[in-house]
Amino acid sequence: MALLERINLKAKTDKNTGFGTNSSSYGGRFINKNGTANIEKRGMHVLHRISWYHTMIDMSTWKFMGIVLSFYVGINFVFAAIYYGIGLEYLNGIEPSDSHWVQFGQAYFFSAQTFTTVGYGHISPSGFLASSLSAAEALIGLLSFAIATGLFFGRFSKPTAFLKFSHNALIAPYGEGTALMIRTAPFKNTNFSDAEAKMTLGMSIEENGIMTNKFYALDLELEKVNSLSLSWTLVHPITEESPLFKFNKADFSTVNGEILVFIKTFDDMFSNTVAIRTSYTFEEVIYGAKFNPMYARSNDNSKTVLHLDKLNKFEEVIL
Amino acid sequence: MALLERINLKAKTDKNTGFGTNSSSYGGRFINKNGTANIEKRGMHVLHRISWYHTMIDMSTWKFMGIVLSFYVGINFVFAAIYYGIGLEYLNGIEPSDSHWVQFGQAYFFSAQTFTTVGYGHISPSGFLASSLSAAEALIGLLSFAIATGLFFGRFSKPTAFLKFSHNALIAPYGEGTALMIRTAPFKNTNFSDAEAKMTLGMSIEENGIMTNKFYALDLELEKVNSLSLSWTLVHPITEESPLFKFNKADFSTVNGEILVFIKTFDDMFSNTVAIRTSYTFEEVIYGAKFNPMYARSNDNSKTVLHLDKLNKFEEVIL
Amino acid sequence: MALLERINLKAKTDKNTGFGTNSSSYGGRFINKNGTANIEKRGMHVLHRISWYHTMIDMSTWKFMGIVLSFYVGINFVFAAIYYGIGLEYLNGIEPSDSHWVQFGQAYFFSAQTFTTVGYGHISPSGFLASSLSAAEALIGLLSFAIATGLFFGRFSKPTAFLKFSHNALIAPYGEGTALMIRTAPFKNTNFSDAEAKMTLGMSIEENGIMTNKFYALDLELEKVNSLSLSWTLVHPITEESPLFKFNKADFSTVNGEILVFIKTFDDMFSNTVAIRTSYTFEEVIYGAKFNPMYARSNDNSKTVLHLDKLNKFEEVIL
Amino acid sequence: MALLERINLKAKTDKNTGFGTNSSSYGGRFINKNGTANIEKRGMHVLHRISWYHTMIDMSTWKFMGIVLSFYVGINFVFAAIYYGIGLEYLNGIEPSDSHWVQFGQAYFFSAQTFTTVGYGHISPSGFLASSLSAAEALIGLLSFAIATGLFFGRFSKPTAFLKFSHNALIAPYGEGTALMIRTAPFKNTNFSDAEAKMTLGMSIEENGIMTNKFYALDLELEKVNSLSLSWTLVHPITEESPLFKFNKADFSTVNGEILVFIKTFDDMFSNTVAIRTSYTFEEVIYGAKFNPMYARSNDNSKTVLHLDKLNKFEEVIL
């Protein structure tokens, strides 16, 4: 039986994924593991194509701090060079008898003291040019810290869905038949309410010699939960309505398929809606496995303990 | 008649509470009185498990100010020690004839003047190391205040549901029968619109020797109000459809049950949706009581007065 | 025909206004003209009952600037007094030969220079107490400006519904019959989309000798508009379904009634939902009048001109 | 056949556009190309009519920086003039033997050093007036930077729909017939979910000698997409239900019509709903053309490449 015949014709196709059906236009997976679309944008200058704010907000703390530090070191170097060009005799307090390197160093630290508005005053500008430059530098310094304040606030106040997903999707026993299961769990001190999940199957299939992208909505046993406090297993029962109804273990290794997952929930702590996305290629699907429980009561029976390290723990079963 | 028989089989079970049904995994109450889920997360490093921003935002003002002050005192101590290590002869203005303690004190205050960018200048750095250190300290100082600015803004601008709940839930007379009643009231100078309430009953019941968690949606007489300005009494009429239909006074002390309450509303002042949660264990249910009115017209008949201290005032009645 | 008989029994009552029906608890109007509920809260300390952030955000610019200035003048006075108490000999640069007033003034300005972190340094602290105090003052100063930054940002970024309402509600001719009309218009450079209006009638009526509050939902000809760019006239057609069906001109002066209006819309500029509320007592209803048009094409026929000063312009008509 | 007869009487009119039907009140297009309503507001003072915050947020970076710089240069000029008026002998450190211009310059830079709180201290105020003025200036300086911080943060954190539209709308072949097509594409590193589009047709038509504005909702083949990652072509099929059913090429040049487009979507990066609007006059409609594909697989077949410069690329076709 050819693959095309094993795909359930009754299955609900999903026309509004935002991806087209013309497979020849596509390469690789639709959605990256981290939830971003696997798309490269061209034909527009990078400065217009990139939201530098989002880039600064989403980068790692170390990288962000590195950029801040480099900017600080660099801009002081630039200003020190200009003071040096104007003439260090316009910076009172710099000893003319010192070596050029020492004098440049003093101009550098004068710049830092101006940029941060410390302004000890043991070195101070005189003359129109040096005074103007230091006035400009103090302005630039304060505006830089204004921007830094915004970036810091943006970084830690940005509503983010603190949800982790299991690395694998499982084809697990479910009632009389089987189901596709994915597990997610909140991992921070937040409260989620009104969580809603969507699952979509995307496949590249050869039909009459032409590769086509097919998208199917995968119905979930439970699409919405009022509150998401413990782990949540998204269960797509593989019934006659499912596009995966006739799939066997081999299909998951031969077909070029991908399961797209999208969760939207209200975070009580941010008081905001947050959204998260991920995807599982068929290579990440384990055929014949079930998740181990990841929570249990505490020893003193006073609370429930959620073991986040067990999120992707499963055991193999024969289907 | 055994407890299991007294539970209404017609009652609507609630499958999407986000809590599982396997009672053996649970300990204590589901939701704490303050609305957080009674769950402990393990298996992930605390730094990844905790949103330090949320922690700083939610702590009390005194604790927050204590942390700010400790940080300020501590970081200046650290910098003073480094200046001391570099050699205080590189800080011009410190009197070499003073005692070590006095000199360290002067380095400490120089550090504070640099960190806050006051920079009086009666003490000033010289030499590469001390100058670099003070330049770094001024940067760290400004960035710290940038973060503090964000935290302060986050603390007071965080959308919060300024609603208080009655401490007790009541089983009160209602029409021909009885109803479960909980009272809530807005307590700040805000306007709520489109408020929506959900009530859920959770119970651990022994069924065939196995403890199971059962969840039931409790229908409310009024689930939504356009505007929430005065007190709002959430009324669950105990009709034939209610899971509590056959419950008697004794059941509330013997059964391990909990009433979960969730309110979501739009706050006109924050222009944001806010959510709040609380729970009542059966020990907090008063069987046979009704709330006293908590508002009345003002003496001059020009406005309504809401007495917030009467939120949990009730009188006992015989059912 | 008594008033009670003139109230339309077929009219849709509105049970979820958030106001009770027990009229004896009420005084005055339900909603103030500015949209706040006419309620006074008691029985809780003012510091818990008031959101100081909202209070600072909503006050007028002049009052806000006055508070900022008073705080600045006051806190420097306090610190100057403490420096004076410690002994001005610990502030180097203050001339001991000056009069006490001049010396206090110098301590005052030293405090200001520390609080704002200007720190010229012509006056500088010495000794443990004065140095500690100035270190504390610089911290307090920076934290105060951190809070001020948050308040400024909160003040101008707060999503607000920039809508004005006509001062009067009109009973105007409408098709074959009449309609209750209220006019609103956006007055700032913002774009509203998905605007939604609700109108409610509240009346205190004597029924069998008891005063009761009755609330009725007033159906609008158009409850939602996709875009709100020009003026919007809210029209409640007074049909057989309307509670006002049999009302005559005299009723509006004798009955104690109030029309509550609530509009919720998405502001494209704030990218946020904003809500606004107002009310019209029956004294503000003009029986027999229609609004004059408030927009026209510009002279060069290139754009539409909206005359905001005509929002409440109407002409009397005989019904 | 007259135009009026060619307009489809079966077409769905759209009553809730927020624009009236009285054409004589209108001038020019309804919505500008950039999405703002083509309306001028009068009859209210500009300071009340304009949200200066929105104005500052929406202006270009260069204009914004220009205003900041002008403010800085200007306010220091004002303060320098006042210091000059008070008498420069109250600013210690200014050389009385210098020329008036040089002295004024020194007062100017002293002002800048105070405003930015650098406060080197080589010039320092003495006497009550100069000290008060510098204390006030430092306060004003810090508050100005507090406001600037808010404006910067507002500018880069403002939720904006990073969507570009094709410059032209096309009447393209579609199945057996034709369709009106508009193309949009996200151009920044953001993720959109739950995108929703609305299309409205507005026309000024002479009916019985009176110009009237007619609005029609244009049904879209796909009104909502779960995810908007690649380009999205909004397709209005010109069926018997469409108001454009009998329109021919000439009508698009003779009729005064406009197609209004509105898109609302959830931006995962901002975690906020964003909205965008544009419009196409009939002059911008190309009769007989179809869009060229704007995405393809990358050379190494690992990702999809979206060519943003091809957004408005189309080829003419004969209908």
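Labels A, B, C and D are assigned to the chains in the order they are written; within every chain, residues are numbered from 1.
Operating definition for what follows: a residue touches a chain if its C-beta (ideal position, glycine included) is under 8 Å from a C-beta of that chain, and two chains touch if they have at least 3 such contacts.
Computed from a predicted model, the values in this text were never measured in an experiment.
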Strictly by the touch rule at the top, which chains does chain B share as contacts with chain D? A, C
Go through the assembly and pull out the chains touching chain A as well as chain B. C, D
Greatest centre-to-centre gap (Cα means) from chain A is with chain C
Determine which of the two chain pairs, A-C or A-D, is joined by the larger number of C-beta pairs in contact. A-D
Taking all residue numbers at the chain B to chain C contact, is the shared part over half or under half, that is, same or different? different
Whole-Å gap between the CA centroids of chain A and chain D: 27
Per the C-alpha means, the centres of chain A and chain C lie apart by a whole-Å value of 39
Among all residues of chain A, which ones touch two or more of the remaining chains? 113, 117-121, 149, 153, 272
Please name which positions on chain A make contact with chain D in the complex. 14-20, 22, 24-28, 35-44, 48-55, 58, 92, 113-114, 117-121, 123-125, 128, 131-132, 134-135, 138-139, 141-143, 146-147, 149-150, 153-154, 158-160, 198, 200, 262, 264, 270, 272-277
Partner chain C, residues of chain A touching it in the complex: 117, 119-121, 149
Partner chain B, residues of chain A touching it in the complex: 68-69, 72, 76, 105-106, 109, 112-113, 116-122, 145, 148-149, 152-153, 156-157, 162, 187-195, 222, 224-230, 232, 266, 268-269, 271-272, 293, 295-298, 300-310
